[in-house]
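In the two complexes below, chain A is the common chain; its partner is chain B in one and chain C in the other.
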Partner chain A sequence: MIGKTFIKETKELFREGRVRISLFIVLALLGVAVWISTRQYEAVNDQYAAAKTTERSVWDGQGEKNPHSAAHYGTYAFKPKYPLSLVDQGVDKYAGTSIFLEAHNRNDAQFSAAADQTGLARFGDLTPDFILLFIIPLLIILLGYNSLTKEREMGTLALLKSQGISFWKMILGKWTALFLPILVITVTLFLIAGVVLSRIEDFGVFNWDALLAMCLIYIMYYAVFTNLVLIVSALTRKSGVSLVIALSMWIAACLAAPKMATNVANNQHPYPTAQEFAASILEDKENGLDGHNPWSEESKKLEQDVLAKYGVDSLHQLPFNFDGYRMQKGEEHAAEVYFKHYKLLKDQYERQSEVYQGLAVLSPYLPTRFMSMAVAHTDYGTHWDFSDAAEKYRIATQKFLNEHFAENSGYGEWGWQADADFWQQLPAFEYEPTSLKSTIREQKANLSILGIWLLLSFSGLLLTVKRF
Partner chain B sequence: MITTNDLTKKYGGHIALDNLNLNVKEGEIYCLLGANGAGKTTTINLLLGFIEPTSGSAFINQLNVHENPKATKQFLAYIPENLMLYPSLTAVENLDYFSGIAGKKPTTTALKGFLEDAGLQPEAYDKRTSTFSKGMRQKVGIAIALAKDAKVLLLDEPTSGLDPKASNEFGNLLQKLRKKGVATLMATHDLFRAKEVATHIGIMKGGQLKQQFMADDISLSQLEKAYLNTMDYKETVS
Partner chain C sequence: MLRPNFKYELKQLLRSNWLWLLCIILISLFSFATYNGLKKVEAREALIASAKAKTQENDTKMLKTLDSLEQGLEVHLKPWDLPSDPIVVGSDHPRVAAMPAADFTFLATGQSDLFAHYKKPKVYGGGIIEDFTEMTSPVQLLFGSFDLAFVIVFLLPLLIIAFSYNVLSAERESGTLRLLAAQPIGIRTWVLQKLLIRFFWLSVLVLVSLIGVLLVFKADPFTNISGLLGLLGLVLVYMLFWFALAFLVNLWVGSSAKNAVAMLGLWIGFVLLVPSMLNQLGTTIYPMPSRTLMINELRARQADATERQDEILDNYLRDHPEYAVNDTTETRNFWHGYMASQNLLRDEIKPVTDRYNAQLKKQQRWVNRFKWLSPAVTIQESLNKLAGTATSDYENYREQVLAFSEEWRAHFMPFLYNNQKFAKADYPDLPRFEYQKQDQSQMASIPMLLLISLVLFGLGFLASRNMKSGGILNQA
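After this line comes the complex of A and B, so read on.
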């Protein structure tokens, strides 16, 4: 009976003009979105490759120079566009793509794609994730809102009952007929994305496992929507009412809940303003050692401590250049200050994430969105991780430069210059995002929430059979 | 085949069916006549198991309908006043689906055979039923009963709205089924058709079966008179 109902429903669906038109529109939109995203992906990664090579050659070709001048001259850490950003662009557009690494300061990522656009960017882009997260659930509603109400409205229900129909089998047949086109669209999209990604040069970590994981997440999301739409259709008597309720549910789950979650998270755990953040960092930095200021109280104390430790009377008698040493100590103090303040910011981000997770019980959209971005490495977590890696690299670079200065020159020799080939000894910045396994482990809570949505909605659907 | 014992259905204080006792045997066509609200449809719904009786019992093929809802449905076919099919499916596809639900798996040839036996024109077999008239849909309904090999046929105003030709064809189909031993209970307003097809006729009013006749023992005019008398239209006929 499940098979018969599935075949009947499929025939009915595909013989209806509205279904054919909406499927065509969704497929056309997906095609355009994948094409646009592929072009963007290739363009951004070409820029990434060119910028990375150019920046490194500029660094390597500095010529003879004082290491601390080179530290101020600085370099860049570039974030590549990861392969699965082709499917889910996440927060990439707003997060910035490169971080300027220099002495004494931790800088935020800059050159975000959004900053390069006009205010029209607020309208959003046509991307595969927009279609996956918003349009396909709408398609499920369009295909399924009258799946059960039509049996009442057309009057076929009485005939079905008299034939001794098993309602749960009928519902499973309808469920399969509604879900299968969605499954085919989703799997096709991910297959196309996989083929495209495996054929073009990438700078990330594309693997089919991650693509499969992402595909499964969306399949779960659509299964939840399919269940909800059929529950609504089973509990309402009129198709019009069913459509209105299902659309309201979509608005609540996909539009209102994420915005509400953002408001709640921001209200409960607000971020400091950029000015407050900068001011508190400056205050803490001023309360410690400034590597550039040899007359400060902290510098004098450091001087005394070092002289005592080495048992000498003059900085000139030290086996290293105290200026370089002080610079490094100043860097270490600044790094601690940045670590402290960015940790506070990160903790606040974690608290906000918890709020989102808490509110994910209101909408299957939220856990799906977070998992999708995490697997695609386009979430804020990955951005934080990249930013932390860049900061670690910055600290290591400063240490490398200061130590070279301290070990190879004498006190007061500010005119000392490192050899032209010294710069090549600095290892290049490399960033590896978290592995799929770790990402899934980190996303355990969201996965559980989506799993609960799936389980409860499916149980709810089977329970409505009794009322049908 | 169809038996009711003191079958009663109440909705609050309103008695929709009052101690109905019926017995329709194999090869009999029992027509229930009565005005709207007489209890005809309630009787059919109780026999279908769509509603629970307040008291009494209903049996199909000696099985209590409310104790064996699944099992009794194996034996019966139902044609409502306005039989609706899936408009985007063809007649054969509709028949295939409804037969499949009843657990039957006839071949396409067999399905077309049932449609032919039900009197549907061959050119309509593979047409979508959205274009079907009520008479054509009723024929598909009969084909569903044939495909199911139903022992009992429950009909609720099946000829209402049919033109005389279609109504006559429908009557002939019922006779065919009667000869196959099918027990039929038909609720109708149509005295003429009842007299034409029935073996037994009952007149209901206010949920009660007021009178019963053997169809052969009564003329159409006597039936009409009895009907109107039962409905309190004495002065009109006198």
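After this line comes the complex of A and C, so read on.
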């Protein structure tokens, strides 16, 4: 029975013009989206590589200079683009791509692509994730809205009943017929993405496991939509009404719910503005040691402590340059202040994430979106991770420079300069994103929410069909 | 025939539960969106107000200190924090250059979540390139905000579709079409009448609930009558456009379900696909130069300017002989060299940063040229303009702030190079920033969309002429 229903439904689907046309449109869109994203990905990667080497050679070629001048001169950390961003661009467009690493200050990532585009960009981009998250669920609705209503409308329901069929077998047949084309499209898309990605040179962290994980997430998402569409089709009498209801669900889940979620998240756990954030950091910084200011109370105290520790009575007698030492202590204080404030910001971000997870009860789109971005390393979490890594590197760099200054010069020797080849000794900034395993562990909540959606929608479908 | 038709429609509407459901949906969507918009505006205004208050407070302190200094009293400040130093005033006592909200800012979030609404340009400190972006969670930027513009541009057409997709097909499916055919009225005229009546009632519903919600939330819609009329006009022509599409689809396509699918296809095309394709094409034809490579370029120039600081100062003073004349002491400290090299650097990188603005302007021109391809884009752009949150508004603000920042720096240069102290009497002369709004009237797109809708209606009439009523009656 399952097999027969499946064959009949599939035949019917492919006979219909709307299916052929919509399949064709979706495939064409996907083709365009993949092509555009691949080009963009390659261009960005080239720029990234160029910027990174140029910046490093600028740093290495500073010539003779005081290490603290070099610290102010600073360097940049550039955020790389990861292979799976080809499939899901995530928040990449809205997050900055470069962080300026300098003495005393932690800077935010600058230059997001969205700030350099017109308001039109806010409608969304024609990227594979747009097709995967929005258009394919729509395709499911289009293919399946009348799957059960047509049996009522054509009067074949009575015939079916008279034959004593088992409804769940029929449903399973219909379910498979609806789901199989979607499955084929999805798997093909991911295969193409995999082939494209493994052909691009320097694909670094790309692995097939992550691609497979992403593919599975989307398959779960589509299974949920298939169930929902069939439930609606079973509960309504007319195809038109079924379509309108299924569509409203799509709009609520994919368009309205995410927007509502941002408003709720921001109303409950607002972010400070850039100005407020900077002001509160400045306040804390001023209450501590300023490495540039030898006259402040904190500096005097540090002086006394150090003199006592080394048993000498003048800063000139210390075995190192006290200026460099104080500079480093000031840096450590500033780093603590930044750590505290960014921690507060991060807490706020985590609370917002909880709001999104809470609202995922309303929409299977939300957990899917978050998981997909996380696996692709284009989510906000990765951005945080990158910016934390850059900060760690900044602190290490300051230490490296201040210690060199302290060890090689005498007190008061502000004119002292390090050798021209000293700069090359600074290790380069390297950033490794989290592994797939730990990403999935972090996404446990979203994964279970999507799992619950899958279970509930399946049981909902079986329950409705019983009363069909 | 119009009168019975009108009566019948009204009766049917009032009796159906759909109308009440629609009313509730509309009012709750409008309310939630308005609430969100007003909350954002409120936060923005509060922020600007507190920044201004803080500046005022600091100014009072500064004036007191200046007063004490001028009377020769002792002050408890570190020598490098004394406001008699013009650089201290220029850097530690900046003015707030704010972009206040407009009357209808709550309508559309537009680009307002992307950019900051006040800046404090300083003589020293702050990057060489002013960063105008706001600290917003990128997730929030990705999902967007649930504002009135979203309800109007995205959701309202769907309500219209639900309201109009089966005007003709329902009659056919219930078998009453043949009865209708016996009446002395053409099918096309009848469909048109029916749709226009529905347009009328839906318009009344939308306008009343919209204005009602605005009044309840105290958004004061009547303080800016021309803005309000613009808003209502935009909503009406947009609705009319979708009814015109419904007219075509009702005449051309067949069963209710097929109509619904066709309307939905149009909705996806106009609201989702055309805008994203336009954007993609715009950014492909006028690509932004890489920001990461720009950093490389800036760094090279910065390194060069630092190295040549002394030479730059000499050249600068040669170009500004007035400073050499007015100051007999001719003492030179760090600031003299620094400011001269920064000025030079600013002049040098201006062409680099101008490239970005020029490219953005080209993209915007591209959007303006092709926005007619999708009324959704037209309406969204017009609503953003009305709200003062469009790309061009923020560009306008950026330009004004940059000009002010220039003015602010220039104001302190004579003090610095003449080695002149900043005095209490100089306070009233400090430059002030006043944001100049750009023109917000968006009437131009209203007649254009009206025209498009009328052409669609006309098209329906002309094209369905050859499929005679017999064709319509017998369609599947």
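Here is the rule we use: the second predicted complex is superposed on the first by the 465 of 468 C-alpha atoms of A that agree within 3 Å, B and C clash if a C-alpha of one lies under 4 Å from a C-alpha of the other, contacts with A are read in each partner's own complex, and residues count from 1 in each chain.
Everything that follows uses one rule, which is that a contact is a pair of C-beta atoms (placed from the backbone, for glycine too) under 8 Å apart; a residue touches a chain by one contact, two chains touch by 3 or more.
Source: prediction; values computed, not measured.
K.L.:
Applying the touch criterion given at the start, work out whether A:94 contacts chain B, chain C, both or neither, answering first, second, both or neither.
P.N.:
second
K.L.:
Tell me which partner A:160 touches in the superposition: chain B (first), chain C (second), both or neither.
P.N.:
Only chain B is touched by A:160; chain C is not.
K.L.:
With both structures placed on chain A, which of the two partners, chain B or chain C, ends up touching more residues of chain A?
P.N.:
The larger set of chain A residues in touch belongs to C.
K.L.:
Quick one: is A:15 in contact with chain B, with chain C, with both, or with neither? Answer first, second, both or neither.
P.N.:
After superposing on A, A:15 lies in contact with chain B but is clear of chain C.
K.L.:
Going by the contact rule set out at the top, does A:105 touch chain B (first), chain C (second), both, or neither?
P.N.:
A:105 sits against neither chain B nor chain C.
K.L.:
Share the list of chain A residues that count as touching for chain B in one structure and for chain C in the other.
P.N.:
Shared contact residues on chain A: none.
K.L.:
Hey, which residues of chain A end up touching chain C in the complex?
P.N.:
Touch residues, chain A against chain C: 18, 29, 36, 47-48, 50-51, 54-55, 58, 62, 73, 76, 78, 90-91, 93-98, 100, 108, 110-126, 130, 134-135, 138, 142, 145-146, 238-240, 243-244, 247-248, 251, 255-256, 258-263, 265-267, 270-277, 295, 349, 352, 356, 380, 383.
K.L.:
Spell out the part of chain C that touches chain A in their complex, as residue ranges.
P.N.:
Contact set of chain C toward chain A: 32, 36, 39, 43, 47, 51, 78, 110-111, 114-116, 118, 120, 127, 131-146, 150, 154-155, 158, 161-162, 165-166, 255-261, 264, 268, 271-273, 275-280, 282-284, 288, 290-293, 295-296, 299-300, 302-303, 306, 356, 359-360, 363-364, 367, 377, 380-381, 384, 390-391.
K.L.:
Please output the residues of chain B touching chain A within their complex, sorted ascending.
P.N.:
Interface residues on chain B, with respect to chain A: 48, 50, 70, 73-74, 76-78, 80, 82-89, 93, 96-98, 100-103, 128, 141, 144, 148, 154.
K.L.:
Where on chain A is chain B touching in the complex?
P.N.:
1, 4-5, 8, 11-12, 15-16, 154-156, 158-165, 170
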